[in-house]
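What follows is a pair of complexes built around chain A, which joins chain B in one and chain C in the other.
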Partner chain A sequence: MTTKRQKADVVIVGLGWSGALMAEELTRAGLNVVAIDRGAWTDTSTHTPPSVDPDELRWSQRKELLSPPRDNTATFRNTLDQTAIPTRNWGVFELGGGVGGAGFHWAGMGWRFSPWDFEVRKQTIERYGLAKAEDGELQLQDWGVTYDELEPFYDRWERIAGVSGRAGVIKGEKTGVGNPFEGSRSRDYPTPALKTLRAMELFNDATNRMGLNPFTIPTANLSEPYVNPLGVSMGACSYCGFCLYFGCGNFSKSSPQACIFPVLMRRPNFTVLTKSCVTRLTKANDGKTVTGAVYVDEQGNEVEQPADIVILTAFMMDNTRILLHSGISKPYDPRDQTGVVGRNFTFQTVSGTDMWFEDDNINPFIGAGALGSQIDDYNGDNFDHSDLDFIGGAGILTLSRDGLPIAKANALPPGTQRWGSEFKKSYAKYYRNYATIFNQGCSMPTKTGYMDLDPNFKDKFGVPLLRLTYDYAQSDRNMAKFTMDRSLEIAREMGASHVNGFNFADKPFTTAIVASDHVIGGVPMGADRPTSAVNPYLQSWDCHNLFVVGASAFPTNAGYNPTGTVGALAIRTARAIADTYVKNPGALVEG
Partner chain B sequence: MANWKAIGGSVAVVAAVAAAGAGWWAYDTLETSRSDVADDRVTLADFKADPEAVARGEYVMRTGDCAACHTKGMGDFAGGYEIATPFGVLVSSNITPDATGIGAMTERDFFNALRQGIGQHGLLYPAMPYTAYKNLTDGDMHDLWAYMSTVPPVRNDIDETAGMRFPFNIRLAMAGWDMLFFENTGFDGDPVADRGRYIVDGGGHCSACHSPRNLLSAEVSSKYLQGGSLGTSYAPEITSNEYLGVGGQSVESIAQYLRTGTDGVAVAAGPMAEAVEHSLQYLSDEDLTAMATYLKSVPGSDAVAPPPLAADSLKQGALEYEISCSACHGPRGEGMGLLAPAFAGNAAMLAPDITNLSHALMVGGRASSTHENPTGAGMPSFAWKYTDAQMAEILDYVRNSWGNAAPPVKVEDIAKMRADSGARDKLSIPQ
Partner chain C sequence: MNRRGALFSLGAMAAAAATPVRALEMKGYPTDMSMDPAFLPRPAIHGGSFQVLTADIDRRTVTAVFDRLIPADDLGASASEAGCVEFLDMQLAGPFGEGASLYRKGPKLPNEDELAQTPQFIETPRERYATGLAALEAFAQKTEGASFADLPEPRQDAILKGMEDGTVDLGPDVNTKAFFELMLINVREGYFSDPIYGGNKDMVGWKMIGFPGARYDYRLYADRTGEDLGLEPVSLIPRD
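Showing the complex of A and B:
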């Protein structure tokens, strides 16, 4: 029997970055918000204080902060004619195990997408003609929102997260520092860029000599003490390098915990239900609205949380699965490309190179999760693709992230002995002399890259697992090869004695290999109703009181980390709800 | 509020003294003509308040920090806060307008209780700071009464003294204490012109914690605001003394600390965090400025900085500090913005009583969380990581670096804190 809780103004499913940002906006607007998260309460001072040693085995290898695969797996296949089977270990789905989601254990890359990323189809057709955009495999579509429309909300997210960086373009003017290719910003970052470490120095010098434009990656690892617009204090990064897969003990990595929870948890009109997993939404009889969310609590009881407004801010896989399982909107059908839910799954197309130096001191134990240098000369549409067999590109970056000794034990030049005294000698030398160039490439949707409910496998609640069908588009494969070659040139210019390129896209895609963990799509946004599940305010076209927020809404994926864009979209949607929707509930966009 | 625990404990001692002197009657302390201005007919449950008086009264309530002791998970002002004493447990009363609370009190009864410690069930224990509230003006009292009438009544029948052992459960015993230590007079200045002192000595009852107490638990007036021990914490000197007090701080920084819980150097934690959260953050800038100005005028102790310990003796502490403390407290003791306290220029860290420091190292702590500064960062326990001697080394280092100077920390004081707080021993390393 399903018990019913008292009705709320808003129910939010998933309290990660999106959920926390929206809950903050909506409770500040006076709405009564109940957030439901399947994770346990997790916070900095309680769970990852600075006195807890950053144990690589515990946090990074065994991934103690992550939700276990048994709670989150999906089935996977590359093509429609294969039978999908479940992934049984961590792979590309790296969800947080507690409230805050992956926003607690993430590295902290504080990017915006470029203006091109929101209009890939339109701009590709304008610059290169229709044939480039419609090659028979790609399924390009635009976001229905432009960079300029999103800019104020990017700015707000950066202020809340305290992102450290150096602007390249402010109000249309190039600053002469920072990224000259970035979309125009209304103002500089709230905190200055982190320091330049040795691997970055080598990269900057080499790319400058090559006529490229290196800059420091914007980080949600803060360079100095900071108070955000909510009044929450953050500390300065100590370059300890224990960020990705770790909680930050000294409040210098931005997270829902560090940036939002201190104010959110004080508000009497906010409630969070932890260890409660939403399985489906309930629909009104006329099918035009949803009436609430049904979850299974820690004791296994099924409980309904009714609400006037329902917001899905879970992981993109879960947003998609909840919609499919609840029978909301038409599922995508890859045979005729109709339907919207599950559509446009994409990943990222990654290549790059490992490199080793002989007598340098890279000293990787000094680092920060997002710290590195990047060039955007080969990202997005920043270079001419007329004579190239692909669209898009990659952010080509080097990282000064961490010096984790277990993980780094594998990073030795090819041919190095892997045991005995020779191994020890080599590791002692190359631990200090290893660097990497990572090409974080865009990913374009295909007609057959999608998600639906698996016909064979169910989770512990009896809900069908999500089935992922995906492989890289040929355009993306070609791009990855092109950018790998660029990274090899840079590595040689940096003076590396050993250069060993890699390209994840020269093989079939698999969920088992973490080339990146930026999976996106499934509930694409857009201004074109037949090809999008939510409108440009992430409002369901079919149920106007349902908003589906997060990377599930990205119709295409960029050569940048997604969190800043997730944050900006969440804030924009929350403002639209608070300013417009609650006064006159209904469709915010005609479609 | 935790700081009452120590006072409550001493109260029981006093009870013994007073019991010995039973039969004596302190006519002066029980003379209630100051309450003549109050109505004696309408009960709190029936009182109809003027909204403006209620609004003013809420402010008086914040000043007096009533919620700190009278709200404990049973409803606002419904009492139930347990004050552990060596002689039993004292429980704070229900002060809502319910029949189980103070609903049957008249305004006169209310005045008698707050300003003279004469309650509806007998004499109050001085865990209730009527020794300070006696300074409240008639106007503030009328307003507070009006506010209390608007509190939602909560049914919560509390036997305040049930946990006190005989003879300490006899309220009449407090007559002896009152006779010895309670002066039945109102504020001796101009509550407007002397606004800072009026709040500090009246509703704010600052000296209840920040003045030392004698063996009979009465404040030592000659050491007014020069620091008081509260068992598991220490309320530091807050006088004009520049070495240990607030004499070296600007009025603005003191006011900022009181309003937000930090001035960017010190960070309120423990009982002071509660005072900031429940009370001080609600006070007006004018009042906080008046309090700060007054505190800077209070004559202080004669403590002066000793010569700092020799740098050679601090090397091991410096290493431990760098490893475990510097990420948040700064390599030069400069702190971390509003998040973690600085050691450089933080006079409260130099007090001869190191209870707050040893408690933070053993048990950890949590900064105050206020409207303006909500973060409330945590200080983790290092009991598992350091021995008592290592902690002493760390404290000697921070108390004698960056311009600081303080006498050496006694290892036995830290050992006592480890034992008293029940903190674990340092993690043993397999041999």
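Showing the complex of A and C:
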């Protein structure tokens, strides 16, 4: 039997970055908000202080801050004729285990997408013609929002997170520093860029000599003490080198905990239900609205939280799965490309180069999760694709993230024995002299890259697992090869004694091997109703009081990390709800 | 405080900490700021007896394998000298050994390993060690007429090399290559994880490569790029 709670103005499903940003906006606007999260309460001083945090085995190897595959996984296959297999061990799905979601253990890359990323289809056709955009395999579609429209919300997210960086373009003018290819910013970052560490020096010198344009990656690891617009204080990053998969004991890695909860949790019109997993939404009889969210609590009881407005801010897999399991909107059908839920799954197309140096001291243990240098000369459409057999590109970067000794033990020059005295000798020599170039490539949707419900495997609540069908588009494969060759050139210029190129896209896609953890799409946004599940305000086309927020909404994926764009979209949607929707509930966009 | 004393005292701290009551429904900022006991370090506690590797033959085989994967030489102690066998036993006795994070619902489909491009298992690591160690010992007895642990080092290396490259097959019950990889990652984990987990004794693994361990602040060093900083490692175990 399902018990019913008192009705709320707003129910938010998933209290990660999106949920926390929206809850902050909507409670400030006076709405009564209940957030439901499947994780336990998790915070800095009580869970990951400095006495607990620097522990590679526990947090990076065993991934104890993440939600395990046992509880949250998906099945996958490359093609429609295959039987999908469950992803049994850690792989590309790196969901947060506690309240705060993946925003607690993430690395902290503080990117904006480029203007091109929002209009890949339109701009590809304009610059190269229709045949380049429609090669028979790709399914390109634009976002229905432009970079310029999103800029104020990127700015707001960066202020809340305190992002450290150096602007390349302000109000249309190049600053002469920073990233000269970035979309125009209204102002500089709230805090200055982090320090330039040894791997970055080598990369910057080499790419400068090659006539390329290196810059420091914007980081949600803060370079100096900062108080954000909500009045929350943050500390300076200590370059501790325990960041991705870890909490942050210094209050210097931006997270819902570090940036939003201290204010949000004190608001009397905000409630969190922890350890409560939403499995489905309830629909009104007319089918035009939803009435609430149904969750299973820790004791296994099913409970309904009714609300006037329902917001899905869960991980992209769960946003998609909850819609499919609730029978909301038409599931995508890859045979005729109709339907919208599950549509346009994308990933990232990753290649790069491992490098070893002689007699240097890279000192990899000094680092921050997002710290590195990048060139965008081969990202997006920053270079001419007229004579190339692909669209898009990759951010080519070197990281000064960490020197975790278990994880790095495989990073030895090719041909080195992986055990015995030869291993010890090589690792003793190269641990401090290894660096990598990572090409974070864009990922373009295909007609057969999608998600639906698996017919065979279920989760612990008996709900079907999500089934992912995907393989890299040929265009992306070609791009990854092209950018791998560029990274090899950079590595040689950096003076590496050994280089080893790698390309995840020269094999079929798999969920079991981590090339990236940026899985994207399933509830695509757009201005075109037949090809999108939500409108440009992330409002369901079919149920006007339902908003589906997060990377599930990206119709294409860029050569950057997604969190900044997730944050900007969430704030924009929250403002549209508070300023417009609550006064006149209905469709915000005609479609 | 000595290493063993430190391990015990941290364990006692974990046991003594009160369990904070956290309501499912939360309103207001939590006022209880004590550490969540589940998040305190969980040190290896050596009671002198093994919990999973209880059979003498299994311990001898693991010790022999681990000491070929990470042997004693002029760069430092062997894996077993560094505590990696005890480390493994503790890991196999806990959530890792139980496969607590794995999605283990069957059936295992025939195309799983091929599609995943890496072997997948419904069996727990504890079960895989039990099966794998028995099969390795049987293989040594059958092909060499002696226990794996009693073979000369070059023979041990040849068998391990064969397991690694797929030329040695321990039989239908074992994915031999995957079992080799499991032992390799576990011995590395023991050798390079914080000594609080029972391996990496005297931080031998960290000293070998120059990893300063559980330091949490490099702001004083970050500008000294390219220098050999000569930092002594520190562990989560209190120094005194």
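Definition applied: the second predicted complex is superposed on the first by the 590 of 591 C-alpha atoms of A that agree within 3 Å, B and C clash if a C-alpha of one lies under 4 Å from a C-alpha of the other, contacts with A are read in each partner's own complex, and residues count from 1 in each chain.
Here, a contact is a pair of C-beta atoms (placed from the backbone, for glycine too) under 8 Å apart; a residue touches a chain by one contact, two chains touch by 3 or more.
Remember, it's a predicted structure, so these values are computed and weren't measured experimentally.
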Of the partners chain B and chain C, which touch A:266 in the superposed model: first, second, both, neither?
both
Tell me which partner A:298 touches in the superposition: chain B (first), chain C (second), both or neither.
second
Would you sort A:227 into first (chain B), second (chain C), both or neither based on which partner it touches?
first
Which of the two partners, first being chain B and second being chain C, lies in contact with A:240: first, second, both, or neither?
both
Should A:409 be classified as contacting the first partner (chain B), the second (chain C), both, or neither?
second
Using the superposition on chain A described above, determine whether A:87 touches chain B (first), chain C (second), both, or neither.
second
Would you check which partner chain A:274 touches, where first means chain B only, second means chain C only, and both and neither mean what they say?
second
With both complexes superposed on chain A, which partner does A:204 reach: first (chain B), second (chain C), both or neither?
neither
Compare chain B and chain C by how many residues of chain A each one touches, and report the one with more.
C
Classify the contacts of A:49 with the two partner chains as first (chain B alone), second (chain C alone), both, or neither.
both
Set intersection of chain A contacts, chain C complex versus chain B complex
45-46, 49-52, 236, 238, 240, 249-250, 262, 266
Seen from chain A, its contact residues with chain B in the complex are 44-46, 49-52, 225-227, 230-236, 238, 240, 249-251, 262-263, 266
What does chain C use to touch chain A in their complex?
22, 24-30, 32-36, 39-42, 68-71, 73, 75-76, 95-96, 100-105, 109, 111-112, 115-118, 120-122, 157, 160, 164, 184-185, 188-189, 192-194, 196-197, 205-206, 208-219, 221-223, 225-229, 236
Listed in rising order, chain B residues that touch chain A in their complex are 324, 326-328, 336-340, 364, 366, 369, 371-378, 380-382, 384-385
Contacts from chain A onto chain C in the complex sit at residues 40-41, 43, 45-58, 61-63, 68-70, 73, 76-78, 82-83, 85-90, 195-198, 201, 236, 238-242, 249-250, 261-262, 265-266, 268, 270-276, 297-298, 360-361, 363, 365-366, 403, 405-406, 409, 418-421, 423-425, 427-428, 431-432, 457-458, 507-508, 510-513
